[in-house]
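Chain nomenclature is as follows: A, B, C and D, assigned in order of appearance, with residue numbering initiated at 1 for each chain independently.
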Amino acid sequence: MIQTLNDASLDTFPKLMLSHARLRPDHDAIREKDLGIWQSWTWAQAAGEVRALACGLSSLGLKRGDKLAIIGDNRPRLYWSMTAAQSLGAIPVPLYQDSVADEMAYVLDNADIKIALVENQEQVDKILEVRDRCPRIEHIIFDESRGLRHYQQSFLHNFEKVQAAGRELDASNPDFFQQQVDLSSGEDTAIMLYTSGTTGDPKGVVLTNNNAIITARNGVIREGLGPDEEVLAYLPMAWVGDNLFSYAQSYVAGFCVSCPESGETVGQDLREIGPTYYFAPPRVYENMLTQVMIRMEDASKLKRGIFHYFMGHARKVGVRILNGETVSLKDSLLYSLGNLLIYGPLKDVLGLRRTRLAYTAGEAIGPEIFDFYRSLGINIKQLYGQTECMVFICVQPDGEVFADTVGTPAIDVEIEIDDSGEIRYRSPGVFDCYYKNPESTASTKTKDGWVHTGDAGYFDDNTGHLKIIDRAKDVGKLNDGTLFAPKYIENKLKFFSFIKEAVLFGNGRDYSTAFINIDLDAVGNWAERRNLAYSGYIDLAGQQDVFQLIKDCVNKVNQDLSQDSRLGNSQIHRFLILHKELDADDGELTRTLKVKRSFVAERYDTLVDALYSDKSECHVNTEVTFEDGRTGMLEADLKLSEAEIYPVKSITREVAA
Amino acid sequence: MTFFIEVVLSGLMAGVMYSLVALGFVLIFKASGIFNFAQGVMALFAALTLVGFMEKFGMPVWLAIAGTIGVMIALAWLIERLMLRHLVNQEPIILFMATIGLAYVLEGAGDILWGSDVKLLDIGIPQGASDWMLDTFDIYVEKLEVFAAVTAAILVVFLAVFFQKTRIGRALRAVADDHQAALSVGISLHTIWVIVWSVAGIVALVAGIMWGSKSGVQFSLSLIALKALPVLILGGFTSVPGAIIGGMIIGVGEKVAEVYLGPFVGGAIENWFAYMLALAFLLFRPQGLFGERIIERV
Amino acid sequence: MIYRETGQFKTNYSDDQALFPIAQDRYVILAVLFITFVLVPVFINEYWLNAILLPFLIYALAALGLNILTGYCGQLSLGTGGFMAVGAFSIYKLMVAVPELGFIPLVIISGLITAAVGTLFGLPSLRIKGFYLAVATLAAQFFLIWLFNKVGWFFNYNATGMITSPPMTLFGVMITGPEGVPAAKYLLVASFVAVFALFAKNIARGRIGRNWMAIRDMDIAAELIGVRPLLAKLSAFAVSSFYIGMAGALYFSVWLGSAEPTEAFDINQSFLVLFMIIIGGLGSVLGSLLGAAFLVMMPILLKNILVGGFGTNSALAAHIEIMTVGALIIIFLIVEPHGLARLWRIVKEKLRLWPFPY
Amino acid sequence: MNDKNIDDVILAVDNISLSFGVMKVLDSISFDIKRGEIRSIIGPNGAGKSSMLNVINGFYHPQQGSITFKGETRQQMAPYVAASHGIARTFQNIALFKGMSTLDNIMTGRNLKMKTNLFLQALHIGPARTEELENREVAERIIDFLDIQAIRKKPVGKLPYGLQKRVELGRALAAEPELLLLDEPMAGMNSEEKEDMSRFIIDVNTEFGTTIALIEHDMSVVMDLSDRVLVLDYGLQLADGLPHEVRANQDVIDAYLGIPHE
């Protein structure tokens, strides 16, 4: 039992740290792979480091309410600096270490940073570069002195020196630290996290100790986490997720966090640590899976055979076994054999053998990716969260895990969906405000503490789980009033490896239609295996078999949609395969490769109109930009086609019947 | 005095015998960088085959010899096929080990084919003392040894010509330096190896005949290989003249030591004296008699 | 596949540099030790002892020695037989002269004497390399054997020129000669091998071992970073001969009981041991053991198949045997020139990465 | 580099001549290297650059002239003596210990800093053990410095060229040399790898204050890194001075344009 859990008096991170230092002084608090081994610090040691650093910072003039910028890879010293700042009632502001000087300049200035504590020369140089734009910065503290030997500036300080100064101050005034810690309470600001705003400048989300600690605690209680979890801290410290999983929850539950040696060794380090509690965004899981498949391709025929046989069996029963359902004796025996031969070793090599709980969030995850891990017996679950409430809004309960939902409300979280379909929530985690930005605060957070997520969604009838369908602003309506969530359907399409991009139309129309970009590699591969000759994208896209292949995908999506009473009517009636790949150079995609729907809509208005007519052919003539910057015209005759429409399974009707 | 000359002479003669075997080593080492430990056994095998042909099949000498040469060439071809081409680019020590394995195989094969009993080999090489020498200089010399010396001389001349003049010979020398060069001469490595091993086989046959006629064909014959090794370090692994001169030096040194030193240490020192001699020599000239000095670069 | 390494992380260097950093390996080793020192002694009998176990263990010890010189330090030696003889004759003289010292110390002293002799014959290695050196070591082989043959003092002037080990006991148990107790003999030799295998491993992974390998891999570079060729090579010769000397001592006193130099220690011994390390794997302690096991068992197997199986007459069988051994060696060198140890390493890697190929 | 204080002479080469048989490789060369500087030796192939380094660390023994290192003057010394006096080097063609891992290669570089004897090592106890662990940490600092953690336990034989060069530098650094001889550390590297290597060389020079003698073909690199440049051409001393002086020197230009020698 974790005493720290139900002790309300521990309402700040420094207090939590000190209590661990008392309760489990010799239990590892944090680790870092450095100089070839996992250098470890117990809670007692960590507390000592933090104490020295805090005193040192205050000797540099860091006071209550001041802001401390923290820039660098995940490292114990940087995590300590958060607690050190919090001990003084100052506010840590972690920044993305890979952002360029200009991006940093804005945050450093907007957050009124007084002291910046950074990892190495690289970061120091960035700050020096933009220092004139953030006049409030008084000191820069660096962890690694390498390359900084010849920097003469008096406001540059070596981490050890600061700690040394701190130890002196501490010696001369032993009560200072404790006094400072006692001054803060749950209502005080714990941390400021900047959301990388897709539109406009980033906003500083101000979170109080209560926000962070209560949310973290609820998470710990809900998943039954304990002080002996192993966690690998490898995601940016500036991201709220890392702050929750590698910091807040560690301080609440008292488990140890491990920092990898370097970017290129994360894989190896993951295997060595073998986290029991793991978070990764979908793309990480996706890459891992791709790696697995690629490596297996080079395996001997026999081995590959065994692998695919047992993976097949896992797909059949693995998920059910994980969900605790009963399967036939034969199946469960076969599964345990597979576990011996394939699943076990595979999980071990991936470093996930000990993983009791794995989260993913951020964007939709492909069902087959999701099921791959679950069928191996890794309990990976989706959650829905935001910086504005220290992550947790919804989490999938054990045994009720679906690829296309984000689960049920987390502890103490209230959720409602307004008539526009936007999700709103209220929870102890709800942020205090956006720093120095009252109007955004007001527009996001109501007086009585409800927060607009800006996401559209609804509770699924079958599962009772929340389903996120799209950004609220993108959700429209068909003429018959059904919700039209383009992104949601586009994602469903894109989960097919053959489909690279899809653009849905339908807002204010009678039915929805789709442009589709095939994935040249995947389809090309498929074509070669059928030895279909093709000369390039256009040719391939035009092939009858390919068209049929895509049509099947569309039909599957429709079938899937038909299961859904709300979105059932937005099944894709007509679609076409575009004659060119959507391209950022042509302005069809953003530089981050997101489709610019409106632009595409008007650029190809003839095609759109065609989709809403009964034409089965349409001539198109497009200007394109080639790699070398030249432009040229591209002509093609595109085939348009109806897709299967399935009867919508409607709850209401069933009730009526 | 005459006694001393006798000793020296017989030393020279014995030395020639060593040279004959050493020659085989050098040929192969030159052309393929292989330290062919089986050279001695090849001599035994050749002798056994020869005797076998003559006794079991009652062939005339010349035919038996021709036949044996044929066998040795076939053997060379087999060795290249089954062994060498699979060991290209291996560490020298691996190749060396392989030839020891080869030695075992040949030894076993020889015994199985021709039986392991001691056989007499007489192909009509004159035996006994050379009366002429005895009369004119009052020096005792074995006819056989003279014959051997002459044969060796002829063989060396033949080889020298072969190496200097013929295209293949030049190719072989090229291989010694590096394999690419050999290929540029336009002869495949495999062919070259077959040739070299055949030649080495024939040399082995000659050595076999000499030793066989001298002291019968038996397993111990294969041990003369060990006698030839000091000659090698003395003369250098890659030098034909080195092998000859080295052989002479070893032969003489050994006999002299045997006669004048032996009695004091209990005799039978020829087993190791040659080695000690070569070793002592080596300490002063690490690259051997005819090897040229190596400048190491980094 | 059997390996489960997730979560096996090291928080200090001594764990990270442990002999067997992976838990599963430690279990295997423990099992092996249990079998070696508990099970085998229970079921041991004369035939197994003299035909298989003793030769295997004793040659393993010799192979360890040669591997230190040739495998780790890269100095090819054909003098093993001679050095074993030194060990054998040393212990013979010692057992006669000072039996009261006790058997184990005597074995060690014999090793030390051999080490001295080995170092002496190692001197040429400072001037000459490769096969020149190999041939030079033959000098040791032939000279030493000749010495023990000719100089009566070594075999105490007995007529036959044979040496016969006087009865000796360890903790009151007879361990030499025919009336030696099998289990005792076995345990004694097994312990020697186990202990000195460990020592070899320790040296190999330490500074001296690294210097040896440096000399082997790139002697010039080694010298330029401060490795003294003299010390490195001579130390290799010394340690190597020490092992071989002890092997020789046990070979004569525990296994054979009596020996005649030209028979027991001839050049074929040198080759046999050399084969063991080549087939076992150069520069590998494990390889030395595997190689010894392989070359001790294979001929026995062959003989049993030929004589036992096909009833071939033993003379012919002997010929076929030597032929097959030769052939097998060649085949082996072609198939896996890096030896059994390398094979094992590959298998292990595969198991660690299973189901992935790399 | 101007802010670092280059003071006393650490190595003085006085009138060195070296020849193999008739071939004269170095002809009465004299120059000095000051403590803390980066000293480049340039010149066309066969100019005798590598031979010069080989003389400095005692691998070649010159027929004439003397070398003064840290005040001690001698005509020749055994390589391991040079090493023990604090001269380390890397090689033009990588000379790593192929059979060993990156870590072991670097640990071998620690050889001179390790003392314990055979017996303790065999037992792997006490001093031998602690010595091993302490030096492991030093080696790890170098691995960290050169950013080669990912290949720590890989056998060097299989590593890509650029990394091997890095490991070799690491092995040299492990000896904590006072004078570091680098023989074409960037030969055959792409511009990115050259960039890194230059970075490391500068860091070694500034962080550890190691004096560096550098042979390099890439002029831009030489000009950026060097404090002073010595130019050799067919064993003769063509020029010696600051980078810009050397660049301006007519003989040098001729030599590089391949004007025939009389």
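Convention: a residue touches a chain if its C-beta (ideal position, glycine included) is under 8 Å from a C-beta of that chain, and two chains touch if they have at least 3 such contacts.
Given the structure is predicted, the values throughout are model-derived calculations rather than measurements.
K.L.:
What chain is the most remote from subunit B, judged by the mean position of CA atoms in each chain?
P.N.:
Using the mean of the C-alpha atoms as each chain's centre, the farthest one from subunit B is A.
K.L.:
Two chains share more C-beta contact pairs than any other pair here; which two are they?
P.N.:
B-C
K.L.:
Cα centroid separation between subunit B and subunit C, in whole Å?
P.N.:
33
K.L.:
Rounded to a whole Å, what is the gap between the Cα centroids of subunit A and subunit D?
P.N.:
Chain centroid spacing, subunit A to subunit D, equals 48 Å.
K.L.:
Take the average of all CA coordinates in subunit C, do the same for subunit D, and state the distance between these two points in whole angstrom.
P.N.:
Spacing between the chain centres: roughly 41 Å.
K.L.:
Identify all positions of subunit C at which a residue touches two or more other chains, and write them in rising order.
P.N.:
Counting only residues that touch two or more other chains, subunit C contributes 13, 16, 220-221, 224.
K.L.:
Identify all positions of subunit A at which a residue touches two or more other chains, and write them in rising order.
P.N.:
Residues 36-37 of subunit A touch two or more partner chains.
K.L.:
Which subunit B residues touch at least two other chains?
P.N.:
298
K.L.:
Can you check the complex and tell me which residues of subunit C touch subunit B?
P.N.:
The touching residues are 70, 76, 124, 127-128, 130-132, 134-136, 138-139, 142-143, 145-146, 149-151, 220-221, 224, 267, 271, 274-275, 278, 282, 315-316, 319-330, 333-334, 337.
K.L.:
Mind pulling up the subunit C residues that touch subunit A in the complex?
P.N.:
Those in contact with subunit A are residues 1, 3-13, 15-16, 353-358.
K.L.:
Given the complex with subunit C, which residues does subunit A contribute to the contact?
P.N.:
Residues 31, 36-40, 230, 271-274, 292, 295-296, 298-300, 303, 306-307, 341-342, 344-349, 351-354 of subunit A touch subunit C in their complex.
K.L.:
Which positions of subunit D touch subunit A when the two form their complex?
P.N.:
3, 103, 136-137, 140-141, 143-145, 147, 149-150, 152, 203, 206-207
K.L.:
Write out the stretch or stretches of subunit B touching subunit C in their complex.
P.N.:
Listed in rising order, the residues are 35, 82-83, 86-87, 90-94, 96-98, 100-109, 111-112, 116, 226, 229-230, 232-233, 237, 265-269, 271-272, 275-276, 278-279, 282-283, 286, 288, 296, 298.
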